[in-house]
Amino acid sequence: MQMNDPALWTARFRAVREHTLALAAPLSDEDCGAQSMPDASPVKWHLAHTTWFFETFILEAMEADFAPFHAAFRVLFNSYYNGVGEKHPRPQRGLLTRPSMAQVRAYRANVDERIAALIGGPLDGATRMRLGGLLTLGLQHEQQHQELILTDVKHLLAQNGLCPEYLDVPLPRLAPAPALAWQRFDGGVAAIGYDGDGFCFDNELPRHRQFIEPFELASRLVTNGEYLAFIEAGGYREAGLWLAEGWDWVCTQGLAHPLYWRRDEAGNWCEFTLAGLQPLDPARPLTHVALFEADAYAHWAGARLPTEAEWEFAAASAGAVPAAPLARTHAGTSAAASPASLAGAGSAAGQDALSVPHPGGAPEEDALQQMFGACWQWTSSSYTPYPGFRPAAGAIGEYNGKFMVNQYVLRGSSCATPAGHARASYRNFFPAGARWQFTGIRLAR
Amino acid sequence: MQMNDPALWTARFRAVREHTLALAAPLSDEDCGAQSMPDASPVKWHLAHTTWFFETFILEAMEADFAPFHAAFRVLFNSYYNGVGEKHPRPQRGLLTRPSMAQVRAYRANVDERIAALIGGPLDGATRMRLGGLLTLGLQHEQQHQELILTDVKHLLAQNGLCPEYLDVPLPRLAPAPALAWQRFDGGVAAIGYDGDGFCFDNELPRHRQFIEPFELASRLVTNGEYLAFIEAGGYREAGLWLAEGWDWVCTQGLAHPLYWRRDEAGNWCEFTLAGLQPLDPARPLTHVALFEADAYAHWAGARLPTEAEWEFAAASAGAVPAAPLARTHAGTSAAASPASLAGAGSAAGQDALSVPHPGGAPEEDALQQMFGACWQWTSSSYTPYPGFRPAAGAIGEYNGKFMVNQYVLRGSSCATPAGHARASYRNFFPAGARWQFTGIRLAR
Amino acid sequence: MQMNDPALWTARFRAVREHTLALAAPLSDEDCGAQSMPDASPVKWHLAHTTWFFETFILEAMEADFAPFHAAFRVLFNSYYNGVGEKHPRPQRGLLTRPSMAQVRAYRANVDERIAALIGGPLDGATRMRLGGLLTLGLQHEQQHQELILTDVKHLLAQNGLCPEYLDVPLPRLAPAPALAWQRFDGGVAAIGYDGDGFCFDNELPRHRQFIEPFELASRLVTNGEYLAFIEAGGYREAGLWLAEGWDWVCTQGLAHPLYWRRDEAGNWCEFTLAGLQPLDPARPLTHVALFEADAYAHWAGARLPTEAEWEFAAASAGAVPAAPLARTHAGTSAAASPASLAGAGSAAGQDALSVPHPGGAPEEDALQQMFGACWQWTSSSYTPYPGFRPAAGAIGEYNGKFMVNQYVLRGSSCATPAGHARASYRNFFPAGARWQFTGIRLAR
Amino acid sequence: MQMNDPALWTARFRAVREHTLALAAPLSDEDCGAQSMPDASPVKWHLAHTTWFFETFILEAMEADFAPFHAAFRVLFNSYYNGVGEKHPRPQRGLLTRPSMAQVRAYRANVDERIAALIGGPLDGATRMRLGGLLTLGLQHEQQHQELILTDVKHLLAQNGLCPEYLDVPLPRLAPAPALAWQRFDGGVAAIGYDGDGFCFDNELPRHRQFIEPFELASRLVTNGEYLAFIEAGGYREAGLWLAEGWDWVCTQGLAHPLYWRRDEAGNWCEFTLAGLQPLDPARPLTHVALFEADAYAHWAGARLPTEAEWEFAAASAGAVPAAPLARTHAGTSAAASPASLAGAGSAAGQDALSVPHPGGAPEEDALQQMFGACWQWTSSSYTPYPGFRPAAGAIGEYNGKFMVNQYVLRGSSCATPAGHARASYRNFFPAGARWQFTGIRLAR
C-alpha cells in the first residue's frame, strides 16, 4: 500500500475516524459510558482505545517530540497488549466516568491532528512505508471497533426495560426468502489465505494449500422462520441435537431462543433491534446465535456447519465479494451524522446495521447469496494458525495470534461491518458461546 | 408532627429535595450513571428512586386522578419492595442509561409539583395527618439516600486510576487528637428506644427496658494514627486477633488496610477522599473499616466494641446530641450548588462530608466526643427487632424489619449524614464486611 | 470437678470414647471416608479429630516424653485452631483415604491408652486439677462430635439415590400431638448464664443480668403437620413472610420444603431419616429447617422466635432439664454396638437419634415440653459474647469466641445429642441458612 | 472382527476385565471410593460404569430375559449417555458409599458371567456379528477407563499430605536423554484416519485426504530437564510466551510448574508419582502439563506443536507402532507390586505406568522415538469431526461426537495406556487446561 499521496491518506484517515464519531452521534454521554458485560465495552472506551492505538503505535514511535496526551491513558485504554504494560481491568471499563466524553473527543481531535501532521510532514521513504502500514492497520482496527460499537450498544440497550432504540427509523419487512438451494463444490487441493496486494491481517497468511473433500454449501443463510421451526420442534429440549458442552450451556443458562428474541404479552415473537423492539420477521436471516445453537440447528436440519476452508473456497469459486464501499456508504453521511440531520437525510452511519442484503433478488437460484453484509457465519473450524504463521514482532504481534485457542472462526461479514472492511479470506473469531455479535448460520453438507 | 402550616411543609419538602440535587451538582451525567458494585447505586438511580418513593407511597395513594409519570418507572426504581411488584435487578442499575439525567430531573420536578399541590390542596384532617406522616418518612428516606449518594460516588471515583475529586477543595490537616480517655457508666435497667414526639423509624420502637452491666466507653473515636500502629504491629497477619469469619475474609480478599488507604510511590500512606487522594492524616478519625476490622482492632487494643444499648445509654446519659441543622448547613448553599460557585462560596452541599467534628476542642477531657458527625460507629449488636416491634402494614412495612438478620448496628452519624437526620436512638445497619460507608470505631470495655 | 478417683475417670473416659466408636459401627469404611459438603466431615475425620484433641491439648502438654503418634496428623486433623498451626483444607477432608480407618482406630487406641496411663499415673495436685479440666473439655468436645457424626452421616446418605439406612430399625408412628398452648412468663431482671459447679463451655459465662419483657412460649415444638399447612398455604412463595436474605436464599436455591422432605412417585410426602425413607409423620416435631424457615413460619403463624434469654429464663422457671443419662442410654449398649448385635439388642448407640420425647404424655397441658431431646430450637438471638466474656488463653481459647459473628443461637438439645451433654444454659450456634442439624421451631409471642 | 471362536472371545473378555480389577488391587475400599475433583471419578465408579456399559449396551439389548442387576444402577453408573436417561451428578460420584466395593465386585462378577453365557450360547450369525462389535467396543471402553483409574488415583493420592504410593516399587533413574534431533517430512496429500480391518473408534473415520505442508518433528519428547530450563528462564512469568487464555489461566491459578512438581524443604525439585514422591529426574519425559504450557514451552523453544495430521503422517511414514502387549509387561518386575495377589501373579497391572520407553537406546539418532508408551502428546488441532464423520445411531453415538468442541487432540499413548490399546490414528482429547492425564510435549517446526 503506497503513501504517495498524503492528501489522499489524510482524507481516508479522517473519513474512517469521522465515521466512528458518527456512530456515536445518536447516543448520549450516559449511553456512551455504560458497559453491559465484561465482553462488551463502553462506546467511550472504544472511541478512546482506537485513538490510543494510533497514539501508542504511531505517534510514540514516529513523532519527534512525542509526549502523551495524558500519561494515564496509556493504562486506561490499553485493551490487551501486555507488551505495552499495565491495563485497566476489562470488566471495569464502565466505571471510567472520567475522562469525560468531552475529554475523549478532545483526545481524538488531538491525536487526529498529530497524525495528519505526520502524514503531511517530511518523511524518508522507509519511514513513510512504515507509517503507511501502521496507518492501514490502525484504520482496519478502528473499523473492527466500529462494528463492536454497534454490537455493544445493542447489548446495552437490550438490558433496559424501556427497549430504547439506537435509531428511530422504520425497519422494513422483507419479502419471503427463496427456497434454500445447495451449491456443489468439487474441492481438491485449494489455496487458502489472502492473495492480493491490499491489506490483510496476519492471521490470513501465509497462503497455503489445503485438501478439501467435495461438499455442498447452502445458497443463503438460515432465516428466523426456519429457526423458529427448530424451536417449535423442541430443539432446545432435545439433548441429542447438541454438543455436550452446548447442552450444559443451554441447561445452565436456561436458554430457549436466540439472544434478542422475546415474546410480547400476547405471546407473539419479537426481536430487539437497533430500531427497538420489532415483530419477528420470518424472512430475515437469523442472527445472534452461538456456535452451539448453530451446530444444533444444523444437526436438526440434517446438515452441518462448513469448515472455514470450505467457505473460503466456495467464496473464491463463486466470485463472492463484499459490496463495494460506494454501494453501502451514503454520500455525505459523515458530514450529516448528527441525530437531527439523520432523520432528515434518511440515512445514518449506523443504519446499515438495520439492513441486510436480501437473497430474494434477481440472481439464479443456486448462486451463493448473503456471503457478506448480513451475518457473520459460524464455521466448525477452531481458530488456529495457518502453517508458517508468524505474528509481527513486538506488542503489535499480540493483535491476533495469542487468541488462537478455544475460539471458532466466522466468515463473511455482517450488516454492522463497515463497508470495505471484509474480504473472502477474512477470519473473524469468537468463543462457541458468544451471541452478542451479528452471528448467523450457513449450512453445509 | 403537625401539618398545620402547608407553606412550612412545602418549604421543608423543597429544601430536602433541592439538597439532593445540590449533592449531584458537582457531577457529570456520566458520573451519575455509573454503578461501581452491586451494593452501590448510581446517583441518577438515587435521584429517581427517592422520587419514586413519593410517587408510589403518596401520590398513588392520595392523588385523585393519579397517573404515573412513566409506567415503567414503577419497576425501574423500586428498590426492594416486594409488595409493590417487580424490580429492576439491583446489580444492573448502572445499565439504565435511559431514562437520561434530564428525564430524571424532569421526573423529580413533576413529582415535586404534584406533592406541593397535594400539600397546598384541600384535605380532611385524617388525610392531612396521613400525608404528614408519609411526607416525613419520604424526607427521612431521602436523607438516607443523600448519605448514600456521597458514599457511592466516593466508591465509584475510587475505582478510577485518575483519582478524581468530587469536590476540589482543600482538606485541612487536623491538630493531634487528645489522649483517649474512658468514661464510666454504671448501667442498670435502662430505657432503650426512641422517646419523644418527633420522627423516628419503626426499628427504634418500642421503647423498652434492657439491663446494662457497668461499662466504660472511649471518649473519642479511634484515629488513623492509632489504626496505623495496629497495621504496623502486624494486625492483618495475626489470625488470633480476628473473628474466624473475619480472618477468612482478610485472607480470601488479601486485605491489609482500610478500604481507601493506599501507598504512594514513595511508600507513604495516602487516603482517597471526596477531595481526591490526600496524605493520610493521623489525627483524623479512622473510617471505612468493616466490623471485622473494628473487632480485630478492639481485640488488639485490649478492649471491645460497645453494644448498641451501651452506646445509646451513654449518649443519653451524657446528653450527646447531633449538631443542630443550623450549625452544619450553610445559608444559601443550595442556591449556590453549581461547581463553579462552590469554589467561590467555600461551601457546598457535599462539603460536610469532608469535615469532621474534631475532638480536640475545649471540653473537659472525659466527655464523650464525636458521637455524631464523624463516623458511624460499629457495635457488637446484631440488628434485631426490639421486644414488641411491629412493622407498618403494607409494602412500607418492608422498610426496615425484613433486614433484621446478619446485619450489625452502627450508632451515631457520619460527616456525610444530613444535618438534622440523626439522633441517639437511630439504628443504622450493615453487614459485617461492609466498608464503603463512613464507618469507624469507638472502643468500650 | 474433682479427679479424686482415677478409676472413675478412666471409666468415664472410656465410656465416651467407646460410644463414639459405637456410632460408627453400622457404617462401612467407605461410609466413614466420604464428605458430602464442606460443612460436614467424614466420620473417620471425626474419629481422628477428637483423638487429636486429646493428643494435642493433653498428651503434648502433660506427657513426659511426648512423641506424636504420627507427625502429619497434627495438620491433617486440626479443625480450626490457628494457634496449633497449619490445617488440612476443610473441603478436602473426604480425600484423606489415608490414613485408613484401621489406622485411625489404632490412633484412637494408642491415645486412649496413653490418656489412661496419665490418669492413673502419679500427678501433683495442680496438674491433676488441670488434667481434669482438659479431660472434661475433651469429652464434651467428643460428645459434640458424636452429634455431628449422626448429622453428617445423615446428610451423606441422603445424597445417595439408594436411600440407604444408617440403622435398619422400625420408626414408630407417633400419636397426634396435643394442642399447642402458650405458657406465660413475667420476665424482669433475670440471671442468664451457667450457674452451678459442673462443666459448662466458656460461652455460657459469665452469668449476668438481662431484662426480659413479659412473653409467652409455646408448650411444644412445631410439628411436621403444622409446617405442612404452612407449605400448602404457599409459605415458600410469599415474599412478605420472609426476611429479605431468607427470600433470596429461597429463590436462589429454589427451596420449597425442609431439607429431607421428598415426595414419592404417588405425590405423598416422605422424610429421609436415619432409618431410611419414611412416610412423613405429621405428629413428629419438624426438623432440619433453617433459621430463615423458622422465622417465616413464625411470621405466618402470627408469632415469633424466642430470644435465647427468654428460652433460658423459661427453662429455668419451669425447671426444665434434660433427661438423665440413665433414661436415654441403654445399659450394655456400647459393648454390643456391632451392627449384628444391634438388631438383636433392639437398641443402638445411634438409635436415640430416631426417637424423640413425645409431648403427648401425662403432664398438664401448659407445661413446657420437648425443651430437650427432640430438636435444637432456633432463637432470634445472634451469637454474641456475654458481658465480661473471656476466652481461655492459648489455642483452646479459639474453641468458641471466634465464631461470634453471623451465627444464631439454638437452645435445648436434639435426639442426636448424647445423654448428659445438654443443659438449660447451653448455647449451640449455626448460620441462618444451616439445615443439616436437627433444628426445629418453638414459637414465642 | 470375527466371533468364530467363543472360547477365544471369552478369554479375551476375561483378561481385560481382570486387568481392571488388578489395577484396583493395591487400593483399599476407602481409596476406591473417593473423588478428588469433578473431572476425576472414584475407582469404584470406574469398576461399576464399565460393567454398566456391558449390561446396558449388550445384555439389555441381547439377553432373552434381561433383568437389571440393580434397577438404580442404570442411573448411578451412567456417565454421559442422555439417550439412556437420567444420570447421577458427576461431581457427586464420590458420595456413593453405597453400593459398597463388595457389591460392585458382585455386580462385575454377575455381568461377566452373563456376558460369558451370551458368548458361549447359541446365536445366529448376524447377532453374533453384532455381539462381536459391541464386545470389542466395550473392551476398548474398559481399557480407556483402565488408564483413567491410574490418572484419577494419582490425582487423589496427590491431594494427601502423606504422599502415599500407589505402588511401593523403586523408580529407576534414567540415563540422560539423547540430543533432540529434527526429522523432516515432505508432506503432500496424505491419507488420514484409520486404515485396517481391526477396531477403531468412530472418530478415526472416515479415512480422508489432507494436504500437509513440509514440516519437521522432534525425535523425542521434551524432558523434565528441558522444561526446568524454561521455568528457570522465567517462562511462567513472561506473558508474551502464552496464549491469552493460557496467561489468564496461569495468573488466576498462580501456576509456576507442572501439576505434580514440588520443592522439598531443601528447595530441590521433586515429582509426585504413582511410586510416591521422588526426586525430579531430568531425563524423564515431562508429563502432566496442559496444552497452554505445551504451547508456551514450544514458543519459548522457537518451535510449535504439531497438528494431529502431521503427527499421524509422521507416525505412518516412520512406521511407528505401539509396542506389542508382550513387550510391555515385564516378567518378574512385579515382585514388589503390592498385595499378595499381584506378587503371586508375577506381574503388576499398574506398574507399566511407572516405566517409560527410554529414547536413549540403540536406534539411529534421527528416528522418531517415544511416539507411544510415554506420554500423550498435545497437538495444536482442535477435536473436530473428519469430513463425512457419522456417529453410530442411538445412545452409543454419544460416545465421541458430542465432545467435538473446545477440546484438543492428543496423539500417541502414555505409560498408563493398556498394551494393545493405542494406534497411530488414535485420537485422544482433553480441554486445553487439563493436566491430570499423562500429557507431554513433542515439538514440531
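Note that the chains are named A, B, C and D in the order they appear, and that numbering of residues resets to 1 at the start of each chain.
Operating definition for what follows: a contact is a pair of C-beta atoms (placed from the backbone, for glycine too) under 8 Å apart; a residue touches a chain by one contact, two chains touch by 3 or more.
Chain labels with UniProt names: A, B, C, D = Ergothioneine biosynthesis protein EgtB.
None of the values given here were measured: they were computed from a predicted structure.
Asks: Suppose you hop from chain B to any chain it touches, then on again the same way; how many hops at least until you reach chain D?
Replies: The fewest steps needed to get from chain B to chain D is 2.
Asks: Using the touch definition from the top, list the chains contacting both chain C and chain D.
Replies: The common neighbours do not exist; no chain touches both.
Asks: Just curious, how far off is chain B from chain A if you go by their C-alpha centres, in Å?
Replies: 46
Asks: In angstrom, rounded to a whole number, how far apart do the mean CA points of chain A and chain C lie?
Replies: Here the centre of chain C sits 61 Å away from the centre of chain A.
Asks: What's the distance between the Cα centroids of chain A and chain D, rounded to whole Å?
Replies: Centres of chain A and chain D (C-alpha means) sit 41 Å apart.
Asks: Out of chain B, which residues touch more than one other chain, so two or more?
Replies: none
Asks: Would you pull the chain D residues touching chain C in the complex into a rising list?
Replies: Chain D residues touching chain C: 28-34, 36, 44, 72, 75-76, 88, 92, 94-101, 156-157, 159-162, 164.
Asks: Show which residues of chain B lie in contact with chain C when the two form their complex.
Replies: So the residues of chain B in touch with chain C come to 80, 82-83, 189, 208-211, 213, 215, 239-240, 242-247, 291-292, 295, 304, 380-382, 384-385, 387-388, 398, 402-406, 432.
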